[in-house]
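Chain naming follows the written order as A, B, C and D, and within any one chain the residues start at number 1.
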Amino acid sequence: MSITYLEAIREAQARALADDPRVYIYGQDVGAFGGAFKATKNLAQEFPGRVLNAPISEDAIIGSAVGAAIEGMRPIIEMQFADFSTVGFNQIVNQAATLFWRTQVPCPITIRLPFGGTSGSGPFHSQCIEAIYAHYPGIIVLTPATVEDAYSMLLEAVAIDDPVIFCEHKYLYYHLKADRLPTEAMPVGKARIARAGRDLTIVAYSAMVHEALAVAEELVSEGAEIEVVDLRSVKPLDTDTVIASVARTGRLLCVGEAWPWGGVTAEVIARVATEGFGLLDAPPQRLNAKDTPVPYHPNLWSTHRPTARSIAVAARNLLGL
Amino acid sequence: MSITYLEAIREAQARALADDPRVYIYGQDVGAFGGAFKATKNLAQEFPGRVLNAPISEDAIIGSAVGAAIEGMRPIIEMQFADFSTVGFNQIVNQAATLFWRTQVPCPITIRLPFGGTSGSGPFHSQCIEAIYAHYPGIIVLTPATVEDAYSMLLEAVAIDDPVIFCEHKYLYYHLKADRLPTEAMPVGKARIARAGRDLTIVAYSAMVHEALAVAEELVSEGAEIEVVDLRSVKPLDTDTVIASVARTGRLLCVGEAWPWGGVTAEVIARVATEGFGLLDAPPQRLNAKDTPVPYHPNLWSTHRPTARSIAVAARNLLGL
Amino acid sequence: MVQTAPSPAATVEAAPRRDEFVRAFRVMLLARLLDEKFASLYRAGKIHGGVFLGKGQEALSVAVGQSLCPGDIFAPLIRDQAGRLAFGETILDAVRTYMGSPLGPMRGRDGNVHRGKPREGYLPMISHLGAMISVVNGALLGRRFQGKTGAVGATCLGEGGTSTGAFHESLNQAAIERLPLVLVVADNQYAYSTPSSQQFACRALVDKAVGYGVTGHSVDGTDLEACLQTVGAAVARARAGSGPQLIVAHLLRLCGHGEHDDAGYIDPKLKQSPLGRDCLKVAEEFLLQNQWADAKSIETWRAEKIKNIEEAVAIVQREPTPDPFKEDWRALASEHLGELRSENP
Amino acid sequence: MVQTAPSPAATVEAAPRRDEFVRAFRVMLLARLLDEKFASLYRAGKIHGGVFLGKGQEALSVAVGQSLCPGDIFAPLIRDQAGRLAFGETILDAVRTYMGSPLGPMRGRDGNVHRGKPREGYLPMISHLGAMISVVNGALLGRRFQGKTGAVGATCLGEGGTSTGAFHESLNQAAIERLPLVLVVADNQYAYSTPSSQQFACRALVDKAVGYGVTGHSVDGTDLEACLQTVGAAVARARAGSGPQLIVAHLLRLCGHGEHDDAGYIDPKLKQSPLGRDCLKVAEEFLLQNQWADAKSIETWRAEKIKNIEEAVAIVQREPTPDPFKEDWRALASEHLGELRSENP
C-alpha cells in the first residue's frame, strides 16, 4: 500500500469527521465532487450533511466559520487555491485572528490553503503566502513537508483552539508518497531534523525541504555533511531547534519558495542573528523566489523558485567548496 | 508659519492636482467633507470634479484605480484607515502589483494608508501593515517620518510609475510640525541619517524615528552617541545606508511599530546579517510591537508598542550601559 | 411595569401592544441618556478614542433587540445602544467598555462599540463594515449542525455598509442556506459625510431583496410602533423557517458620525423632513396621546435611568485601569504555541 | 464576405442582419476550432497548466466582442475565445499565450486565458473572479476624466462569479457613477461542479439588476440571433448614456470546467433540455434554414480556419521558448527602485 500527500490530507479529514461531531468541511466544490484536487473525495458521501459546497464567496466562507466556531464547531475550510484567500483575507486576519484575544472565546478553525508552485500554473495559482498570515498575531501557520506531517498536522490543526492556516503544497500532492499513515507524530511547534549533518544547516519548509535534502545528498560526494531542518510550522517557529542546529554546524542557509521581503527566511535569519549570533562561523544566507509574480512558462518558473541546483550553488558558496 | 504632517499631505495633493491633469483623488468622504482626517480639505472645491467620494467598497475602489491608470490617469486613493485596506487587499497585491510585470503597462497609483497607533483607537484603527504589502513584488511602500518627507515623498509617489503604498502615520498627523514645506528632497529609495553617532545604529521608520531620536538624545548624558537611520521607504529598503551606518557603529537595533513576525525589523536584520555580518560587534537586536492585536486602553497601548522608554532599555543593553 | 392606569382607549387586545411599546420606549430612553453620558464624558476628555451614538435610531434598534429571545444571536453595530440594552446588555458593561475597564467584557483590549459576549449570542463587531453578517450566518449554521432549532440571528448595518462585498457575499450565503437571518439596514441618509446618492443608485434599498431571493421589508425608522411591528414580523418569519429577512428602515442620523463630527454636511431639508423626526420624541408623544404613560411617569423613568447611569459611571471610575504587567500579551488560546521573542519587553 | 447568394427570404432589410449573423457565426466556428486545438494540444501534453474552453458559450461571447467598437474596453473571462477573436485578438496571440511563447502578449509570464493588451482596451483577466469589473469601471472613469466620450466597457462573468463581493462592489460603483458598463453573466448552470442552486437563491439572476438601479436583460444563450440582439441593444443603451447594463444569458457549459475535468456531475436532464443545445449547431441550422449559407460554404470556412489555426500553431512551435537568463526579473516599472537581494541567483 502506498499513500500520497494528498490522500493523507483526505484521510486526516475523514478521521477528523469520524472522531469529532463538531467538525465539518466547507468550501467550493468540496461536496459530492470532492474538491478541485479531490482532497475531500467521497467525504460528502461518507459524512452526509457535513461537507458543504460554498458559493464563490471567500469572505463569507471564512466569516461563517468564525461564527460556527463560536458556537462550538470546528470547521475545516478549503480555499480552492491559496491565492484566492486574499479575498477572504480580512475575515482571517481581523475576525478570526482577533476573536480569542478580544473575548477569550477560542476560534478553532482550520483553513486549508493548497499553495505553492507547480509548472504552468502562473501568477495566481502558485503563490506561497504563508508570511502574510504569519505576520498577524493570533494565527498558526503550518507547512507540512511530508505525507506523515500532512496527515498528523492536519489532525492536530483541527484540534488546536486557534485559527490555523494549513499550507499544503500542490507540488507535493502527487509527488510525495509514503507506505502508511503515521500512528504517532511530532507535535506542532517543533521543527524536525530531516537529515543530520555537521557542516551546514539548511533550514527549509514545505516543498523546499525536498530540494534541500537532494542537495545534502548531492554534496556528500564533495565531502560536505549538510543538516536539513524542516520547520514544519512557520508560526510558531521553532527557533530552539534551528539554533541548536546552527550551534552544531556554524553555518546557516535558509531557503523559502516565497518572495524575499519579510518571508520565513527573513524571520529565521533575524532570529538566529539576534539569538545565536555567536554560533555563526560565517554570514547566514538565504535563498528565496525572485521578487516577481510567479511565471507561467516552465522555463521561467523553474528559475523563479529555488531548486536543488540553485540551493547547491548557495550551499557550496557557504561551505567554501 | 507652521505646517503639520497632515497639512503637508494635503498640500502635496493640492500641488499634484494642480501640476498634473492626470491626477485625481478617490476615497470615502474625500470630497466636499475633506476626508476623515481632513487630508483632502477643500480639494474638491479647488479642483472640481477631480476629488470623488467613493462608496464603502475598497475592492472596487482599488480595482477602478488600476483601470484608470491603464488609461493614463494617476489616481490617489485614500483608504479611510490602513486597517480597511485588507478588504481591498486582493486588488492591490494581485491586480495592481502584477499589471506591469504581466503586460509592461505601468500602474501608477498611490494608495494612502492612514496607519499606526494612536491612543484609544483599538485593534482595527491602529494597525501597521506595511510588511504585508512589502512582501509582494511589484509594490513600493513608503513610510515618511517627517513633515518634509510627507510632502516630498507623496509628490514623488504620484510621479512613480508603480503602485505605491503610502503609509502616513496618524500619530504624526497633528504632533509633527515644520516651519515650511521643502523645496528639495532626497529621492525615494534612500534612507536618511536622522542623527549621526558612532556607538550604535538604531534603524527606524515612521513614528518610531522620533522615539529613537528621543533615546539618542537621552543617552547622550550616559556617554552614548547613537546614530538614527530613518528608512523612509521600507520597500525598496536602502540596505547600503543601513550597512554603512553599521560599519561605523558596529551595533544595530532595529525598531518597528508593527508585529514581530516578518516585519521590517526582520528584513533589516536579515539583510545586515547576510550582507554586513563582519561589521557587527554584537548581535543585532530588534524591537517590535507585541504579538497581539493593538489594545484600546492607553495603558495597554503604550506598552504594546515600542516607546522611547523600551527602546532606551534595548539600547542600553546593546551598549552595555 | 407600566405605572399609568389603563386608559379607556386601551382595550384588552391593546394591552400587550402597549406593554411592548412602553418597554421599548423605556429602553430607548435609557439608550439616549447613556449615549448622552458618553458624549459628555467624551467632551470632558474621559474617553479615549471615538464615541458613536445612535441618536435618531433608537426606535429601530430597540425593535431589533426586543424582538429577539434569549438563545438568539445578535451582532449589533455602532448605533445600537438601544438594541444592545434590549438584548440584555447591562449599563455597566457598556460603560466599562467605553472606559476601558479591565472588568468589562473586552477588558480594555477593545473599546467603545466593539463589545459583546459571544458565549451569550451577543457578537462583538469588528470595525470592517459588513464583516459580522457572515459570522451570524456561521453561528446559525453551527446551531443547525447541532440540531438546535428555533433561534434567529439578527445583525445591523448602515446603508453605507450595503456597498461592501461582505454584505453581498453573506446575504447570498444566508439565502442559499436559508438561514434564519434578519439583516437590518438603517438607511440614515449618510455614511459619515457621504449621502446615499453617492452610495447606491437603486430606487429603494429594499429592492435588493429580490436579487437575493430573500424577503424584503421597509419601515419608517422614526416610528417605534412601525419598527416593532415590522421587525417583530420579520423575526417571526425567520424563526418560522422562511429564510433571511432584509429590513430597510428610513430615518436620519441625528448626530455626527462620531462625537468629533459636527455633521455640518447634513442637508437641512432632510432635518425638516419626516425622516428628520426624533424617534424618541415621536414615541413619547405617542405614549402621551394614547395615555399609555403620563408626563410624570416619563420624568420618573428618566430620573431613574439617569441615576442608574451615574451609578454605573461612578463604579467604573473607581475601578482599576488595565495593568500592562498583568497582561499575558498572548493572542492564542493555545498557550503552548505562543511565541515571545523580538517583542517590546 | 458572405459567399452564398442572397436567398429569396433575405430581403434588403435582412442583409445587415444576415451579415452580422454570418460574421458572428464564422468567429464562433473559429473559436470552437481553436478551443478544440487547445484541447488536443493539452491531451498531447503540449500545454502546461490548464485549458479552459468556451464550448456552448460562443454565441453569447461572440455577441459581446462583436457588439463592441474599436476604442471600447473589453475584459473577457475564461470562456470567451469567441469574444476575444471578435474583439480583434489574433489566433497567433491566443496560441502564443497558451504555449507560453516569449513573443506573445504575455511573453510566457502569464498564460492560457490570462491574456490581453491593455493599451488596446483589451484587459487581461486575473484569476480572482469578479476582479476585472472594477478595472473596467476605472478605465471608463479614466476616459471620462479625459473628456473622451462614446466608449463602452464590457466584461464577462459566470453565474458563480456573481457570488463574489467584487461583483457587488463594482456593479454598484458603476451604477453610482452611471458608467457605460455592460456586464455579461453567463449562467451556464455550474461553477466548476457547483450547481446554481448552491450559488444563489433568487428566482432569476437578472432580478439583481433592480437592486443596483441598472438595466437588466435576459437572453437565451444558445441562440446567436437573440444574443446579438440583446447584447447589441445593451451596448447601444450603455453607449447612449443609460448607465450600466446587466445581461444574464442562460445556457449550459458543454465541456468540463477545464480540460482536466470530465464534468461527470452535470445533470443529464440539463443536457437534454433546451439549455443544453449547442449554440454553434443551432446557429449553423439557422444559417442553412435561412439559406444564408449552404453546407459547402460552411465546410470551406471550417477548412480555412483549421488551416489558419494549424499555421499559427506551427509558427509558435518553431518560436523560441522563454529564456530565464534574458528575463530582467523586475516587477517594477521604476527600474531605479528595484531590489535584487536575497533572491534565487
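The definition used in the following text is that a residue touches a chain if its C-beta (ideal position, glycine included) is under 8 Å from a C-beta of that chain, and two chains touch if they have at least 3 such contacts.
The shown structure was predicted, so the numbers you read here are calculated from the model rather than taken from an experiment.
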item	value
Remotest chain, chain D as reference, centres from CA atoms	C
Computed distance of Cα centres, chain D from chain B, in Å	41
Averaged-CA centre spacing for the pair chain C and chain B, given as whole angstrom	36
Interchain centroid distance [CA atoms averaged], chain C/chain D, Å	46
Overlap residues in chain D, where contacts from two or more other chains coincide	106, 109-110, 114, 126, 128, 163-166, 169, 172, 176, 198-200, 330-331, 339, 341-342
Contacts with two or more other chains, residues of chain B listed in rising order	55, 57, 59, 83, 86-87, 90, 94, 97-98, 101-102, 123-124, 137-138, 235, 237, 261, 265-266, 270, 274-275, 286, 290-293
Category of the chain touch graph - line, ring, star, complete, other	complete
Residue ranges of chain D touching chain C (in the complex, touch as defined)	163-169, 172, 175-176, 178, 198-203, 207-214, 243
Of chain A, residues touching chain D in the complex	28-29, 31-33, 36, 53, 55-57, 59, 81, 83-84, 86-87, 119-125, 260-261, 265-266, 286-293, 295-300, 302-306, 310, 313-314
Sites on chain A touched by chain B in the complex	59, 83, 86-87, 89-90, 93-94, 97-98, 101-102, 123-124, 129, 131-132, 134-138, 235, 237, 258-259, 261-267, 269-270, 272-275, 277-278, 280, 282-286, 290-293
Parts of chain A lying in touch with chain C, wherever the complex brings them together	22, 24, 50, 54-55, 57-73, 75, 87, 90-91, 94-95, 97-103, 105-108, 137-138, 140, 160-162, 188-189, 235-237, 239, 270-271, 274-275
Complex contact set, residues of chain D against chain A	47-50, 100, 106, 108-112, 114, 126-129, 160-161, 163-166, 191-194, 198-200, 265, 321-324, 327, 329-331, 339-345
